[in-house]
């Protein structure tokens, strides 16, 4: 059978993915003060990847993301947990989150919080999970 | 609003329950999804509706809706997503192995 | 603040995750899973020691004071359960070394096992209703993974029922949390307890209590046990054993926690309902246990009887009943694990679980046989094995509050239990030996150690019941006087 | 004054959504229903915009954008499924 | 009449127009005979509708609240970018899954191109 | 750890080493020779206690076991327990001696045998010496267990297993009943010590729980002592090796019930209930056992029923004797105390002659290969010594002089005659039954005793019907029965030695009040004039002889009784049908069909929660605090309902999924309306990903069509399901409304509104998620991680496919 060509779709996808990825990063960082956060950011990121999968196929995308998403998930959770463990090392309760305001050269007054680290873990775990599930199911035949 | 939402939740539960009680695995999963919507709306309703602005401090409002139920629902949604995904895969694996998606045919026999 | 309280949760979690990252190193998995369980065991031991001498240990996660943050609370009751979990888990794990097979090992068996322990430990430690839900989910989803691991027909078929019913239970849990939050405005257990005792247990609060009872009953297989017989007979032996030992216990723990800490103001209503449900589970479980000539079925129905019996002690809401329950709970965890392990070994040896096809194993496997015998006696509370003290005190509790019917059912069903397990013993170990050693489907090599250890434990728990007394007594006292728990968590906070 | 305008606008939107829901039930084909879903998504974007004005908050802009993205992805997924039966391919050159 | 009020009015009118378009497309969705024609209504006019609504919102927030939201622009852009593609894909999948055309259709030009090329079994049920 | 404790625990400790002895020495030396040391040592130890106990002293030693619960090894030696201790060890030693010759060291699994035996011995010693009722119960169950093991010693035999199971079920049932009785007792008295309970007898009798506690404890005693109708296990227990039958099932274990009744007489005695229950049950058992013994064709069966009957007799004597406590003191009491004396005395006698008889039967079985009375006969000439022993035993059992049975039988008759005259407990009307039953039963006893000895040893010798060529047993095997037989005679001639040394302290232990009065004087004599009891004995002999000679004519009477109405048949049918019924009950509700389980669960949900709401009267619907609703929201709700119904009614799965997607979008719209931007975002993404997953999985899943081809409707209509689901929905709604109407407390949420100061975050929801309740989020992503792993393994690991 003749495969339907996806020229239009691909063209749009290439643009859309960039927008989505940017938006995902935005959502991730906005989380602290605005709607968003690690979870949503991660899932939006995963949505972008899903869009790529939809438009192209898994193998060609995978060539660009050559790591095991299961490991990514585990690493994500591990980061989140270890952020918590950090509190213990400083004789604080588990999951103690520190934040403070710093004057950084370019960004001006910036808030740095360990919660961001925690959120990175969340995002990684979410991306990993979504990808593992989607890819495993798709590869099954 | 709360009253109407309660009724809506009740109807969602009714539909979900009915679907869960059918034989087809897909319908059962659909049923669980509908119930999960019901549950999330219920938690939100039970936390009180529209009693203030969105729980964001930066946007100028002074009263906020109860943020705790929202956080709880968020966690619940995610966990529900995980279990739904698992259940979906489980059902299709079961279908692959057992050759049926009819739970009435999954009773299990004595000779195993 | 005591960071040790969180350790039983995060140690297996972290180690399990590291194992996921280093997936192919099976030996590393084995060594570290054992070390982890030993570590959680030691930690729980230390916690128990601290509770004994310094009172209830709490940890406000992130430093947020209760009731706003999530509290982790280790009292003696949780401590005992934690320790037992570690021990039982350890031996089931060692059993798995010799029986689970490389395929499953390569597919994250050990991490998933540790994750299950994480969830169980979390449920025992948390002092927050919603966090309890999350911990339940951790435990449940690991159990889903473990029950399906291998993808055999029966596993998939039974896990559909298991997953579906637990999914439903989770939804209803959330519904219950929603109602609870609406009525009381808090989800911290200690704060709840304080608020509920402040206004008394009015009608709507009782209804919320019933809602939680319903949810936990689904998990604990208290009366709502329909999912249990199938799903516990599906997975490999080591998994079935840890399920039988731990999963229902978490539900039981939750019922205990809620109905001693929060909803204890109307025991003549709420606890009576628990008692009725316990009686029905004991009866139906025992009926199921004597009905079949199939090892797996007999054993799984026995799990239900155990659940009913433990909760019969709670139903009395007397310190005797609770003492008995805690003793019996610990006993039940050990004994269910070991009886499932031995049952699994028998099935593996002969390749069938039908009693009519098994006979005379004692000739070839005397040690296994006698251990099964001891366990069979222990499971029905024959003295001086571990079930005895529990049985006596639960019965005494039921008599004390006048629930003679409940005590009677407990004793009668224990006879039925004895009958059912002795049926296994007499049919499979006694009789003509029909299977020579080289005809066997597998061997007992490498799986005997955990069984021996657990059998020794059940004997030790019976004869050395005194050793536990101090701890059980502290646990009972803090269950009967929730104010110590409330004070330890809230530190005087009041609204 | 703008409130009354907005309410009228919302009514229009509701009618559109209802119409799409009607199409959702009625079908008759699956693409019709996917179309309806897509349409509902777009209408909800509009509705959220109006609600944002009601509440005088910009908190929901992200929701709108995300809805736009996701409704697109959803539609593509459906279309793929309808065309191929398989949403994601491991290797399209097979 | 100051700027705020004018802008409010302007935004309101834009929004009304937008929703009207949406409403029109809804009528189209209801009334048109087959999926292909309905797709036309659903994508085009409702895209216009949402465009107007969003611009109205943008203006309102720009003037009234002093917020210029990149996200709103992005929404507009994104909807414009994707709506046609969606419509295209839906129509194509409809055609490929042999959804019948309305009786009034005069001519099926694609038929010649694709005729004789058997397709995979109809997945659409 | 005192010597007493060591003596009690030594069998257990030694049992551990028996397998070692067996392993290393059995080839050279029969393991029994090691084991026999234990009972001898203990016997000697107990013997040297006799003078001390006879002088009225008691020994009390304790070591803690579970002191916090008051469960300690409180060991107490008085007259009663001493007799039992001597019996256990004395007979035990003889039985082991006998077994050394009876059980071949080559063929038998002797290590098992002796381990069980030692276990039993220790348990029995513990039972009789324990003062703590819970410890007593512990040992009580241990005797049941060891008896179970010993009965099934030849576990390959179906009948052994059957007998073992039966005895276990019945005795453990009794044990559990007893346990609950004990628990009640301890609740009344707040102690576990039997001696302390003596002092509280009046409190106990006045308590509400007195009757249930007593009956439950008696159930234990009756099952153990094989009293009617629990006696059915004893005949089947004869599948055990004969030494065991001699030891457990006639001499010691079955007397545990007797011991218990005697032991508790000071607590319960003197009440009408105690008197009536025990004496009636005893008499019925006496009659039932003796009557059934006559028709037995298996020698051991005959002995089993004879044991039942004798136990009944002892029991009834204890019952009658308990009246002594009613009178408290004085001569009247002393009169009934004689019954107690008779009971203890007969118990000793019974152990001697029945032990001897069992061993004789064992010898016959061993030497001829059969125990079937119809095949035996004429062994007198072949086995003269055995015959002599059998004769002595049987005559003692029949109550003939000059054997000890005569003495105790006379005392028994005397007691039942005396009790007629008692003016308490309504004896004036029913009392006359006592001697009649006793007398009739004694006739049967006489008959079966004759059957035992004469059918086996007289008559025609039929070697062709025997399995082996019969000859006299080896001397080693004969030693034990000869010792017992000589005891039978010795006791007849010197009964008062026993009376002074053992009986007086024992009766004193049972009737402490009499001891203080000093009216207790026991003098046993073979001749006490022409009294009623002597006439009764003469009557028994005369009528018994006549009936024995005309045995064949009247044994047909037995066949009139339908076989399937015997208690045994009831037990068998009961066991079988209980399994069948259990299976049918369980299969009825455990259908394996998920829908059924869910239906039960939902129904229970509705009943429990709905019921609680209604009963506790907590349905309140309060609309005053409701947030306003506008038309737009109503329309969205309408759309949601429509979408939900579309999911329900969809004929194709895609329609359902699309509708579900719509539903999800609308839910997130609600999240927007309810000011929850984070939720709306999450809901949207999750909804889309879920939809994508559905689509992905649909590739592998069947369509709706395939199963609903026949019916036009999408989803099958089931009224019951509909009712259940509507009820569930209704309960959820009503509960929600009520919960919303009764918000008792302020939510704790206002605290989080300071999130910027506290956690540096302006998004409160996010602050809660990552900071205030960070653990939830941590575990939540952990759940995701596990789900991912699980999905991966579920798809990748397929063991069933690999096997193919």
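Letters A, B, C, D, E and F mark the chains in the order given here, with residues in each chain numbered from 1 onward.
Here is the rule we go by: a contact is a pair of C-beta atoms (placed from the backbone, for glycine too) under 8 Å apart; a residue touches a chain by one contact, two chains touch by 3 or more.
In UniProt terms the chains read A = Na(+)/H(+) antiporter subunit B; B = Na(+)/H(+) antiporter subunit C; C = Na+/H+ antiporter subunit D; D = Na(+)/H(+) antiporter subunit F1; F = Na+/H+ antiporter subunit A.
Computed from a predicted model, the values in this text were never measured in an experiment.
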**Q.** Where subunit C (Na+/H+ antiporter subunit D) and subunit D overlap in contact partners, by chain label
**A.** A, B, F
Q) Which chain has its Cα centroid closest to the overall Cα centroid? A) C
(Q) Count the C-beta contact pairs for B-D and for D-E, then tell me which is higher. (A) D-E
Q: Starting from the Cα centroid of subunit F (Na+/H+ antiporter subunit A), hunt down the chain whose centroid lies farthest away.
A: E
(Q) Farthest chain from subunit C (Na+/H+ antiporter subunit D), going by the mean of C-alpha atoms per chain? (A) E
Q | Centre distance in Å when subunit B and subunit C (Na+/H+ antiporter subunit D) are each reduced to the mean of their C-alpha atoms | A | 27
Q) Centre to centre, by mean C-alpha position, how many angstrom separate subunit A and subunit B? A) 25
**Q.** Whole-Å gap separating subunit C (Na+/H+ antiporter subunit D) and subunit E, where each centre is the average of the chain's CA atoms
**A.** 57
Q: Indicate the whole-number Å distance between the mean C-alpha point of subunit E and the mean C-alpha point of subunit F (Na+/H+ antiporter subunit A).
A: 79
Q: Give me the residues of subunit B that touch two or more other chains.
A: 20, 25, 28, 42, 45-47, 53-54, 56-58, 68, 72, 74-75, 78-80, 82-83, 85-86, 89-91, 93, 97, 103, 106, 108
Q: Going through subunit E residue by residue, note those that touch at least 2 other chains and give them in order.
A: 74, 78, 82, 85, 89, 92, 96, 120, 124-125
Q: For subunit C (Na+/H+ antiporter subunit D), jot down the residues that touch at least 2 other chains.
A: 13, 17, 20, 61-62, 130, 134, 137, 141, 144-145, 148, 151-153, 160-161, 164, 168, 175, 178-179, 181-182, 230
Q) Given the complex with subunit E, which residues does subunit A contribute to the contact? A) 1-2, 4, 8-9, 12, 15-16, 19, 23
(Q) With touch defined as at the start, can you tell me which subunit E residues reach subunit A in the complex? (A) 74, 77-78, 81-82, 85, 88-89, 92, 96, 114, 117-120
Q | Touch list for subunit A against partner subunit C (Na+/H+ antiporter subunit D), complex | A | 70-71, 73-75, 77-78, 81-82, 84-85, 87-88, 92-97
Q) Which of the residues in subunit B come into contact with subunit F (Na+/H+ antiporter subunit A) in the complex? A) 1-4, 6-30, 33-34, 37-38, 40-42, 44-58, 64-68, 70-75, 77-86, 88-93, 95-97, 101-104, 106-108
Q. Hey, which residues of subunit C (Na+/H+ antiporter subunit D) end up touching subunit A in the complex?
A. 1, 3, 6, 10, 13-14, 17-18, 20-21, 23, 59-63
